[in-house]
Amino acid sequence: MTEMTLGKALTAGLQQAMRDDDKVVIMGEDIGKLGGVFRITDGLLDEFGAERVMDTPLAESGIVGMAVGLAFRGYRPVVEIQFDGFVYPAFDQIVSQVAKLHYRTQGRVKMPITIRIPWAGGIGAAEHHSESPEAYFVHTAGLRVIAVSNPQDAYRCLRQAIASDDPVIFFEPKRLYHHKGEVDLDAPLADAPPMGLAHVVREGTDATLISYGAMLTTALDAAAAAEDEGISLEVIDLRSLSPVDYDTVSASVRKTGRVVVAHEASREAGVAAEVIASITEDCFHWLESAPLRVTGHDIPYPPAKLEKFHLPDLDRILDAVDRVLDRPNSLTEVER
Amino acid sequence: MWRDMTVVRRIDSEGVALQRQGQLGLWAPCRGQEASQIGTARALRETDFIFPSYREHGVLYARGVAPGDYVRVWRGEEGSAFDPAQMRMAPLQIIIGAQSLHATGYAVGIRHDGTDEVAVTYFGDGATSQGDVNEAMIFASSYGAPVVFVCQNNHWAISEPVTVQAKHPIAGRAPGFGIPSLRVDGNDVLACFAAMRWAAEHARSGRGPAFLELVTYRMGPHTTADDPTRYRTESDVEAWAQRDPIARLEAHLRATGALTDEHVAEAQAAADATAKELRAACLGMVTREPLAVFDNVYAEPHTGLRRQRDDYAAYLAAFEEA
Amino acid sequence: MTEMTLGKALTAGLQQAMRDDDKVVIMGEDIGKLGGVFRITDGLLDEFGAERVMDTPLAESGIVGMAVGLAFRGYRPVVEIQFDGFVYPAFDQIVSQVAKLHYRTQGRVKMPITIRIPWAGGIGAAEHHSESPEAYFVHTAGLRVIAVSNPQDAYRCLRQAIASDDPVIFFEPKRLYHHKGEVDLDAPLADAPPMGLAHVVREGTDATLISYGAMLTTALDAAAAAEDEGISLEVIDLRSLSPVDYDTVSASVRKTGRVVVAHEASREAGVAAEVIASITEDCFHWLESAPLRVTGHDIPYPPAKLEKFHLPDLDRILDAVDRVLDRPNSLTEVER
Amino acid sequence: MWRDMTVVRRIDSEGVALQRQGQLGLWAPCRGQEASQIGTARALRETDFIFPSYREHGVLYARGVAPGDYVRVWRGEEGSAFDPAQMRMAPLQIIIGAQSLHATGYAVGIRHDGTDEVAVTYFGDGATSQGDVNEAMIFASSYGAPVVFVCQNNHWAISEPVTVQAKHPIAGRAPGFGIPSLRVDGNDVLACFAAMRWAAEHARSGRGPAFLELVTYRMGPHTTADDPTRYRTESDVEAWAQRDPIARLEAHLRATGALTDEHVAEAQAAADATAKELRAACLGMVTREPLAVFDNVYAEPHTGLRRQRDDYAAYLAAFEEA
C-alpha cells in the first residue's frame, strides 16, 4: 500500500496501462510537455514518447474522431478532455460513433476508448470548468460511465476502463485530485472487483445515502454528522453510473426503506432521477418514504462566488435525510 | 475499368429497382459518379483502408464485397454489411463528414506502426462545410498522416447547389492546411485513377496527406426519397448526361478498338449476373429474431442490459403464450 | 377549424409567425427551394425570400452558432435540424451558448431561438434518422423542451415557441407528419393556454398513462384497448418536457394512484425517470404501486427491420398497465 | 495608441496582482499583445460589434468599459461584465472558437438590415483548429457576411506551440474559403491599425469577410494558473521581449520627437489612475445574495425552477432560524 493523491493514482494507472499494453496511446490538449493542466499525464511523454503521448490540435471532435480511427486500427486510445465543459464539441463523435460502432458492425469493430474527464465544480473556476455532464452519457446506450471518488478506485478503475473492450467515459472529481489515500499498486487487475460494482462505504440502518464522485466525501461527512444526532446512514458510492449496480443499491434500500440520492449535476433527468425511478420499481414495497434528490439546481453552473449556493452541501443532505425520516425539516411547513 | 463502371451502374439501378419494389427502405444512387469511384478505388492497394460515405457503391464493388452487402444496410437488416477488417473498409457513414476523422486517426496509427499503407476517405461537396472535415485536414497535416481525402463534388448536397458550400473551388482549401490537392474531372476515369495514384503515393512515401476534388455530377435523385425536380432543371442534368463517364470511356475505347461488341456483351452479362445475385441475396435475407436487438451493444457483459433483455424475453414469451 | 396534417399545421405556424414578426428568420439545410426534406417550409421561400428563409451550408454547429449571432442582433431565428440524429454536432453551441447566454449576461442578451427537430422512429429509416434525444435537452438548464402530438398543438405551440424569449427545442413527431386533425388557425395566440401545460387527453380512474409525441397515439390506443377489458386509463400528453407540468400530472396520479410512463427514448436517465422520480416525491402517499416505465431499450436505435422490437407498442404498454394494477403480466413469475 | 497600450499593460499587471492577492480567481494576461488589440480595435467604428475571446483586455479598453468590468468575471461575481448592446461587444467567450460563428450570424443580420456596420471576432492560433472557426469562415463566405476574423497568433495555445495547430501560416487558410487575408506583425500597432482599416473597409463595402493573422507573442503565462517554464525556454521569451510592442513604438516616437517625458509621465499617471480605479472597483464588489443563482436562467416564468427556488428559499430560511 502506498499513500498518494487521487491525481497521482491516475498517473500511476495510466503508466501501468501503457506498460501493460503498447496499443494504449493517450491523447489530448497539453498532455505532453505540460503533463496536462492537472499534471495527470506528467512524466508519460518522457517514458513513452510522442507517438504514444500525443499533444493534439485544439479540437475535441477531432480528438475523439481520431481516437475512433485509432481504435479501428487496433489501438486503445485514452483521451483527455481538458475540462468537463469542453466535451460538448465531441458529443457527436461520442454519441453517433464511439457509442454505436460496436453495435453498427455487429461486434466486428471494437471501440476500447477511454475518455477521461476532469469533472465537476467547487474549485472556484471560470465558466465551463465545473460542469457535471454525466447524465448525457448515462442516457447514451453503448457507453459505460465510471465516476471515481478515491485514489484506490481511481487507480484500479482507470486501468479497468482502459482494459475494457467497451468505450468508457471516465469522470475524475477534479476537486479531489489532491486528496490522499492508500493505493495498492501491485494487486493484479484480474483479482480486482469489476469496475461496475457499487461500494457500500459505510454501513447503516436508518436510511441509504447514495452518491458518487466528489459528492461522496460530502455524503460521508453528512453520515458522520448524522451519527451525532443518532441517525445511522448507509452510504453507497455508485462508482459505475452506467450500468448502475442495482443489486447492491436495492439490497441496501430494502434494508433501510429510506433513500437520499445526492449529486452536483442538475436535477431534471439526471442520474438521481434514474436511480430513484429504478429503486422505486424494485423496492416499492420496502419504501417507507419517498426517495429524495439533493442536487445542483436546474441552472447553468453559476459564477464562482455563487457556486456554494448551487452545490449540495452537508446541510442540504441532512435536511433531505430529515425529510425521508419524517423529521422536522425545511419543508415541514410547505404545502404540496 | 469500363467493365467495372458498367457493372456498378447495373448494381446501382438494381438498388433503385429494389427500393421501388419495396425491398429496400432507401437507396442513394451513384449514377454519374462511377468514374470517380472506380478510378480512385482501383488505384489503391488491397491493404489500404477506406472510410466511405454512403454513396460509394463503386468503391464497395472495387473492394469485392459480396452481392448482398450492397443492400443489407439499405434494406434495414443490419447496421453494416461486411467485416471491416476483412474488406479493409469501414461501414458506410451517414453522419456527414465524421469518417474523415476516423481515416485520419487510422492513418496516424499506420504511421505509428511504420507500415506503408494509406487511409482513404470519401465524402461529398456538402461535407466540406462540416467542422469535422476541416479538423481532419488540420489533424492530418499536424501529424503528417498518410491519408487521402477524396471529395466527390457532385454539385449537390440534396437540394443545395455546391455554391452554398463553396463559392470557390473546394480543392483550393487544402493547401491552406498544408495539404497538396488536385482538382480532377471526376467523369474521366483515367484522370481519377492517375490522381489517386499520385495522392496515394504522396501519402505512402511519408509526405503526409493529400486531397482530391473530383468534379462530377449526381445524375439521379439524392436518394430514392428525393424529388430533384423541385430544385434543378432537366437541362442542367442533360448537359451532364453528355459527359457520362461510361459513355465517354466507351466512345474512346471503341475508337481505339480496345472495346468490341463481345466485350460489351460480356460486361452486360456480368452486370446482369451480379444484379441477379444481388437481388437473390436481398430477397433471401432473413431478419434476425427480436432479441437480436440486444446483441453487441457492448463487447462485455452488461448488468443493466441483461435485465432488460430478460424482461423483454419474458414479455415475448408471455405474449406468445397468450 | 380547418382539417390539416400535422406537417401542414407546422407550415402554417411558421408562416403565421413570420407574418407576425419580421424578425423571425428560418434557417437550415434544404429548407429553401426544396421546402425541407419533410416539406415543412414549403412555400416560405417564395413568400418571404432568401434572406428570411436561409438555406445553410451543411454544418449544424454553424447553423446554431449563426442563429446565436442573429439573436444578438435582435432576430428570432428558427432553426430546422434535418433529422434528430444530426443535432449532435450542434450540441456544444446549444448547451454552452444557446442555453447559457441569457444567464451569462444577467438577462441582457435574449436567445429567442427555436430549434425544430423532426423526431423519433417508426418510419423504417436509416441509422441516425430515428433518434429520441429529448432527455439531453431536458437535462440542460436554460432550455425549454416541447414535444407535440397533434396538428392543433403543433400549430399553436410552434407559434408560442417562436414568440417565447427563451430558447425552445421543439420536437416534431415525424411519423405523425401526415396525421390529420382540426386546427383553429384564427384563435389569437394571447388567448391560448401556455405551451408549458400538460393535457389530460382522456379521463380515467384506474391508472394514469403519461406520454408525449408520437407515442401518445399508441397510449390512446392502449387506453381504448384497456377499456375493453374494463380498465379505465387516464391519458396525459406532457407536451412540455421541460418544464413538466407537475400540477396536472400530480393531480391525476393522486386520483388514480397508479402510473405508467411511456416513451420511445431509451430508459436510463430518460424523461420517464425524471417524471417518476418527481411523481414519487410528490405523490408518495397516494401511490398504490410502483410507477413503471415503458421505453425503448438501452440500445442504439436498431436497424429498420428490428425497430418494432425496440419501440414500445400497445401490448407492452398494456403489460405495464397490468403490472401497475397488480394483474397477471409478463413478469408475474419473475423473481426480483 | 502608445498611451492606450501603456494603460492596457498597467490594467493587465493589475489583473495579475489582484489574482496573486486572492482577489481574482484567475486572470489571462495579454502582455505582449497590446499592439494587436489596440491597433485593430482602434480602427473600428463604435457601431461595429465585437465578439472577443477571453484575453482581449485591450479591446475592452478601446471600447471604454468601466474599470470594474475588466475583472468582474475573473473574480467570479458574474458571467459577464457589461451590457453587450451598450458596449457593442459580446461577453468574453471561453469555449474556444464558438464566438466566431456568433460574429458571422451577427454579420448576416447586419447584411439583412442593410446597414454598414461590421462584426469582428477575435480568437487565438489554437482556436483555428476548431471546427467552429472553419465553419464560420465557410458560412461567412457563403453569405458574403461583413465579418472580420482576427486571429492573434501569439505562438502558444497553453503549452502547445502554434506548429501543433498549423505547420503553415494561418492566414493562408482563409483564401481557400474565398476570404482575403493579411498576415501582419502583431507587435506593430500601426500595421495592425492599417490591416484592420483594410479588413473593416472590405467588409463594410459589401465585399464579404476578411481575415487577419496578427503574429505576436504571449509574454506571460497562459493564465495565472499556468507555469510556462514547463514548456518554453527563457531565451524564447527573451527574443520576443526585444520586440515588445510598447517599447518599440516608444523608441520610434521618441526618435521622431512625438513622445516627450511629459507624455510618458501623463500616460503613466493615467495608467496608475485606471489601475487604482480598477482595484477599488474590484475590492468593492458585493457578491449577490444566494437566491440570485436562480435569476435570469429564463426570460419568462418557469414553473420547475420557481419551485426549486421556493424550496431553496425555505431551506435557507430554516437554516437561518436554526
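Labels A, B, C and D are assigned to the chains in the order they are written; within every chain, residues are numbered from 1.
Note that in this section a contact is a pair of C-beta atoms (placed from the backbone, for glycine too) under 8 Å apart; a residue touches a chain by one contact, two chains touch by 3 or more.
All values derive from a computational prediction rather than experimental measurement.
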Checklist entry - Farthest from chain A in C-alpha centre terms, which chain would that be? => result B
Item to check | Distance between the centres, which are taken as Cα means, of chain C and chain A, whole angstrom | outcome: 30
Checklist entry - Which whole number of Å gives the spacing of the CA centres of chain A and chain B? => result 39
Item to check | Whole-Å gap between the CA centroids of chain B and chain D | outcome: 44
Item to check | Approximate Å spacing (C-alpha centroids) for the pair chain A, chain D | outcome: 34
Checklist outcome for this item: Contacts with two or more other chains occur in chain A at residues 56-57, 59, 61-62, 85, 89, 92, 96, 100, 103-104, 127-128, 141-142, 242, 268, 297-300
Next on the checklist: If I count partner chains per residue in chain B, which residues reach a count of at least 2?
Outcome noted: 78-79, 95, 129-132, 135, 138-139, 142, 164-165, 297, 304-305
Item to check | Arrangement of touching chains [line / ring / star / complete / other] | outcome: complete
Next on the checklist: Per the contact definition, I'd like the list of chain C residues that touch chain A in the complex.
Outcome noted: 61, 85, 88-89, 91-92, 95-96, 99-100, 103-104, 127-128, 135-136, 138-139, 141-142, 242, 265-266, 268-274, 276-278, 280-282, 284, 287, 289-293, 297-300, 336
Checklist entry - Which positions of chain C touch chain B when the two form their complex? => result 29-30, 32-35, 37, 55-59, 61-62, 85-86, 89, 124-129, 267-268, 297-300, 302-306, 309-310, 315-316, 319, 329-331, 333-334
Item to check | chain D partner contacts - residues on chain B that touch it in the complex | outcome: 128-132, 134-135, 138-139, 141-142, 164-168, 172-178
Item to check | Interfacial residue positions of chain A with respect to chain B in the complex | outcome: 25, 51-52, 54, 56-57, 59, 61-62, 65-75, 77, 89, 92-93, 96-97, 100, 102-110, 112, 141-142, 144, 164-166, 196, 242-247
Item to check | chain B - residues contacting chain C, complex | outcome: 25-26, 73-79, 94-96, 126-127, 129-132, 157-160, 164-165, 225-226, 230-231, 287-288, 290-294, 297, 304-305, 308-312, 314-315, 317-319
